[in-house]
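See below for the structure under consideration.
Chain lettering (A, B, C and D) follows the sequence in which the chains are written, and residue indices restart at 1 in each chain.
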Amino acid sequence: MTKTVTDVICPFCGTLCDDLEVVVSDDGKELLEVYNACAIGAEKFLHSQAKDRITRPRMRQEDGSWKEISYDEAVDYTAKMLADAKKPLMYGWSSTNCEAQSVGSEIGEAVGAVMDNTATVCHGTSLIAVQDIGIPSCTLGEVKNRADRILFWGCNPAHAHPRHMSRYSIFPRGFFTGKGHTGRKVIVIDPRPTDTASLADVHLQVEQGRDYELLSAFRIAFRGEQLPDVVAGIPKEQIYEAAETLKSGRFVIIFFGMGVTQSLGKNHNIDIAIAVTRDLNEYTKAAIMPMRGHYNVTGSGQVWGWLYGFPYAVDLSRGFARYNPGETTSNDLLRRDEVDAVFVLGSDPGAHFPFSSVKKIYDRPAVAIDPHETPTTEVCNVHVPVAFVGVETGGCAYRMDNVPIETRKVVEPPEGMMTDEEFLKHVLARIKEIKGE
Amino acid sequence: MAEYLIKNGFVFDPVQGIKGDKTDVAIKDGKIVATTALSSPKVIDAAGKTVMAGGVDVHAHVAGPKVNAGRNFRPEDKLFGYKAQTGIERMQGGFSVPTTIRTGYNYARMGYTTVMEAAMPPLYARHTHEEMRDTPILDQGAYPVFGNNWFVLEYLKNHEIENAAAYIAWLLRATKGYAVKVVNPGGTEAWAWGLNCDNVHDPVPYFDITPAQIIKGLIEANEYLGLPHSMHMHANNLGNPGNYTTTLDSFKLSEGIKPNSKFGRDQVMHHTHVQFHSYGGDSWANVESKAKDIMAYVNSHDNITIDMGQVTLDETTTMTADGPFEHHLTELNHLKWANTDVELETGSGVVPYVYSPSIKVCAIQWAIGLELALLANDPMRVFMTTDHPNAGPFIRYPRIMKWLMSTEAREQQFDAFKHKDKVIDATNLAGIDRELDLYEIAQMTRAGPAKALGLAHMYGGLAPGLEADVAIYDFNPNEPYAPDDIETAFGSAEHLFKTGVQVVRDHEIASNGNKRTLWVNAKVNENPQVMRDVKEKFLRYYTVTLNNYEVTGHYLPNPYVIEVDATQ
Amino acid sequence: METVTLTIKNQPELFLEAETIAPDAFAGKKTEEIADLTVYVGRERHRLGDFFEISGKAGATPEETKIVVNGDLSRVKYIGMKMTGGEVVVNGNADMYVGAWMQGGKLTVNGNVDAFAGTGMKDGELIIKGNAGNYLGAAYRGDWRGMQGGKIVVTGNAGSDIGTFMNGGEIVVGGDADVHVATHAEGGKIVIKGNAKSRVGGQMVEGEIYVLGSIDVMMPGFVYREDVDVDMDGIKGRFALYEGDLGERHRKRKGQTIYAKLYQRIEA
Amino acid sequence: MAIRVNLITGRTIQQGVSMEAGKEKPAYTTACGIIELDPTDFKKLGAYRNTNVRVTSSYGSVVVKAVEATQGPHPGVAYIPMGPWANMVVNPNTYSTGMPTFKGTPVEVEVAKNEPVYSSLELVRKACRGELA
């Protein structure tokens, strides 16, 4: 016998689909089938069942090999490492639930850590831009129900957010959008003719790294001012035409991704894209939204927002919260040798930071909390495997439009395995002991 | 639990009619009790001090998505303003939009123990509850917004009060909400197309309903259910010169409706931050106070309560579910603007704002707020708020007390204005010499809001049986004082008890308290049509499934449920 | 004016946060009291004297106090932060936030500085005889009030994001500038004596930029108006005047739209 | 023969799927230990599809397999899916924003037929220990 769990939330990307159906064995110990998920989401659920999964903490030996240790030993090592450090970096916090983020924050306060999440290499520059100019946005349902102009700038949901287009943006039929796809005009701006671009009415193949200039050109076009003949590789006629398409919409939505947050200009690219959105609100209704990557990177920004007032890169070392990307961001801290220990949970900087930063992690005491074996676990002294959030334990997560959704536990974790939250609670308790509280 | 006896203080308690008499207050098992009920109390000597119930804030934006948007997009609001962790106090930061930890502590430092979050977007209810959970000490509840909700618009278009009521009951349960909040009825839905509803008769695009129908219908639905609080109203046309007529039109929609509530309130409409709704003139050049007209109406209609929305002349962060207003504001001051339209339900905007004493309009706004309170015949129906943080941060309440209690303090402020004479011309305040006393202050900050919330059985006074929320201030009302002494004393309670736990001791935070979240569980007759509509809308238009919508379990670790039976 | 001399004797294991190295903190203090001022390494508190040899004495007020700091200070942050008067001379390289939120006095660095020098500066003089890092004279994150007044002079090159949200004052860079100059500026003047890259004056509302060398990519929102002669603070020559940013809002004065001005030298 | 191209990185669905299946597995190397080149750039390079190449920037060097662009044409632009291979060569400069410049790194690509493409864990391990050529 099997049973089907409905309304399951997918813990992969910021789209946070909540309509998955998962078939599990009657005893709830085995996960058998996943329906409605994209290929990546399905793989995430199914991988939890891998037979070769690591289920106990490991410590690196002198010769480079791993030795299995108990959770107690892992807790003790982690607590001591954090308590001994003058300024530890506690990084990640995106592939986990808000409950774990909350406990992690208490640890951060106790040891004076710098807390940073994956926004630091993802939409951190968007957050800087929002601080400079704000952000007119909406929930994804507004897009589904109202939007008739969809602009994807430097993002490729066909690969990174596979169900985004069908659930929210291009295809769905909503309250005022009964015609679905045919009622919408889709524009893609990207230096490559991506698979998303192939679904669009218009693709502007911008010269890589010149998004700022092109966005600026849109603002000039809105105002009917004169443009140079070519901006960022795009002839002015195409820019005027695209600008008119946007202005003539009833509800414009701009989605943007790493193509602009990680290219030259970074926060400024987002800043001016938001300025474009502000401008459009003079003529019609317009909103803009970052395509957040990890399923709960948004949540960690929210938790730190209400606890400290900053969405990432929060330096707690002096007993209060400070923030300044460029200083308190992980890659700058590592590059400059500002931190003396590294704790990673819910992310894989070993795979996703420039190698020069990865080497700095390798050079320091470091602990990685991750269900998987990853390049990060490869450069850490201790690896603590944990249950998959959203599969083997529940908890709150925030969608890319900041909508909070409670993820579900659908299957039991392997016998004796801790969750992120449980492990962190043990570490916090041990740190309090060490500090004599 | 420890017993306490607070001896010899000057007690101000509107519930018992005690006007500064020396009275002892006894605390046992979290409640106020008769002094005879104590066996071995800890004695607090309050001689020469002022004793009041814990403060009750009827309207503040302290938790939820737009508050956090305000925090996260204003790093400059926290620059150099942090407070390091010490003892039991966790890290605190933020001036106009403090962190949740600082919010709890700062209210407690002022002697407040109950604070209502004024606008909860239902889809973001979980977020709001997470923040309230992490706000120490305070009892809190949150008002879900209804005035632009598609269900409400569709039901009230046809005056289906029973269906609207069933939906309200369902949503209060799903979101763990406390009351029916209305913000710019219809206008925020219109804003989803970049439009607005400018007055109560301006129809909502597509939905074929007017704000007047929404307002009246929600009052009726609220009374159909007999909820503890009345419909809580932020009218159309906020912040615009000449808007007082819209405000009066909105007030009038409550005429002839009687409260149906066993929770002891007398009003059917609470209108919030009325300062923002009391403007005459037709441009910013000739804007003037219409507080007299507004208060003439309020004073003569018992079924209305209001709060001030007092401008405090600070740099602050405005935030409201009135999406079109925030867009209007960013067009005026060119500062950063955040906006979120929420599918089927509501919207919101956030914009920083500097209320400068050098700007005439800001000074006029300051005067109007004070006029509302000083022209009130019944302080039990006019409450002190700053619509935190919209007109200023809540930490300025003691300063507002100073202004209300002292003409000298008001004159000092007038003298500090750059356009003093023009401000005097455009307002009534300079001609008002009323000085409120502490009893009236207690009415406006304790007993009044508690009663209007339908919580007079718990909060707002010091009668035996009430929650033991007691504040002791180092202030002797019977000795001469300078205006600033008021601000100093009431800005830093000497002691504060919250449900019998001492949370402030000698002006310092002594405990993280026993915070509760209040919500209203209204039982109604089964209503298959409404449940069908709910299922249908979730299936077709929402982007979360119905089964993932309801806020449950650990989001409210310490809930306090108020049961209402509206089955009949 | 009295002089206090600090010479670094111990390098911090991480970075030293020393906002106390400012005339305001030193004024009226004896050498021993200055040595007792607090500095931080991560979460650890230390005495200033743990890291520096300290000699001389401070004046009674900040205005009467001069501080000379010697040695390799490339791991010391916040020198001269929030100073309101007096003088600081740094003989060596310094780390981030030199002269940040400075309100008066004079701060000279005989060496290079890292990012965020002169952040949110209100007044005073900040002179850097080497290169400056990114965000020179820029606003703190989120603040629309960047540099308000005072003057920053850099002999060498400067990094990206010079004068973001600048409202007043002047920044002179002797060498080249990296991307983004005067973004969102609403006033003030920036002079780049060397070359600029791109994003010069993006989203600029008001203010002036002078570039004596080349600009790799001009913003599309800057439109050529005319050639003009400039003779200003030793800078002479024929300049092409551009106005912009055409995509941005601008206020009007007497019916005329006020644009930001970008002058690029065409001949000396 | 070496060519100069502008390197960008990012997600692909294969990168996502193989990452969730385990970064220690060969499928992850197949998905991410590659460089997507435009046909015109292949021509300039004078190499067959599926040849190992060495990609070198001012910041590092890595061997990956050259494949034809799946989302092209984009002459002059090359694409390595996000992951440890790309991160050996991307520009780590954050311009004091915290964000490395993952997109827009000038690189040189040359044929390296006989050099191996390491798995993700091997690559990071060897690089950390200084065991890479």
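In this text, contacts are C-beta pairs under 8 Å (C-beta built on N, C-alpha and C of every residue); 3 or more make two chains touch, one makes a residue touch a chain.
On a predicted model such as this, the values are computed, not experimentally measured, just so you know.
For the pairs A-C and C-D, the count of C-beta pairs in contact is higher at A-C. For chain B, the chain whose average C-alpha position is most distant is D. Here the spacing of chain B and chain D, counted between their Cα centres, is 57 Å. Remark: chain A and chain C have CA centroids separated by 34 Å (rounded to whole angstrom).
If each chain is reduced to the centroid of its CA atoms, chain C and chain D end up 39 Å from each other. Taking the mean of the C-alpha atoms as each chain's centre, chain B and chain C sit 44 Å apart.
Residue positions 73-75, 77, 335-336 of chain B are each in touch with at least two other chains. In chain A, the positions touching at least two other chains are 128, 131-132, 264, 318-319, 323-327.
The residues of chain D that reach two or more other chains are 95-96, listed in rising order. Taken pair by pair, the chains that touch are A-B, A-C, A-D, B-C, C-D.
Those residues of chain A that touch chain B in the shared complex are 6-7, 9, 18-19, 98-99, 102, 109, 127, 130-142, 144-146, 167-168, 174-176, 250-251, 278, 281, 284-285, 287, 301-303, 305-311, 316, 318-324, 396, 398, 401-406.
Contact residues on chain C toward chain A in their complex (touch as defined above): 13-15, 17, 40-44, 96, 115-116, 134-135, 140-142, 144, 165, 179-180, 183-184, 198-199, 202-203, 217, 219-221, 223, 245-248. For chain A in complex with chain D, the residues that touch the partner chain are 12, 38-40, 43-44, 47, 50, 64, 120-121, 124-125, 128, 156, 158-160, 162, 191-195, 197, 205, 208-209, 258-259, 261-264, 266-267, 293, 313, 325-332, 335, 348, 350-359, 362, 372-375, 378-379.
Residues of chain B touching chain A in their complex: 63, 65, 67-68, 71-75, 77-78, 82-85, 90-94, 97, 99-101, 123-124, 126-127, 130-131, 134, 150, 192-194, 206, 327, 330, 335-344, 347, 350-351, 540-545, 547-548, 552, 554-555.
Across the complex, chain C is touched by residues 85-87, 111-112, 128, 131-132, 210, 212-213, 216-220, 222-223, 225-228, 231, 264-265, 268, 271-272, 275, 279, 317-319, 323-327, 336-340 of chain A.
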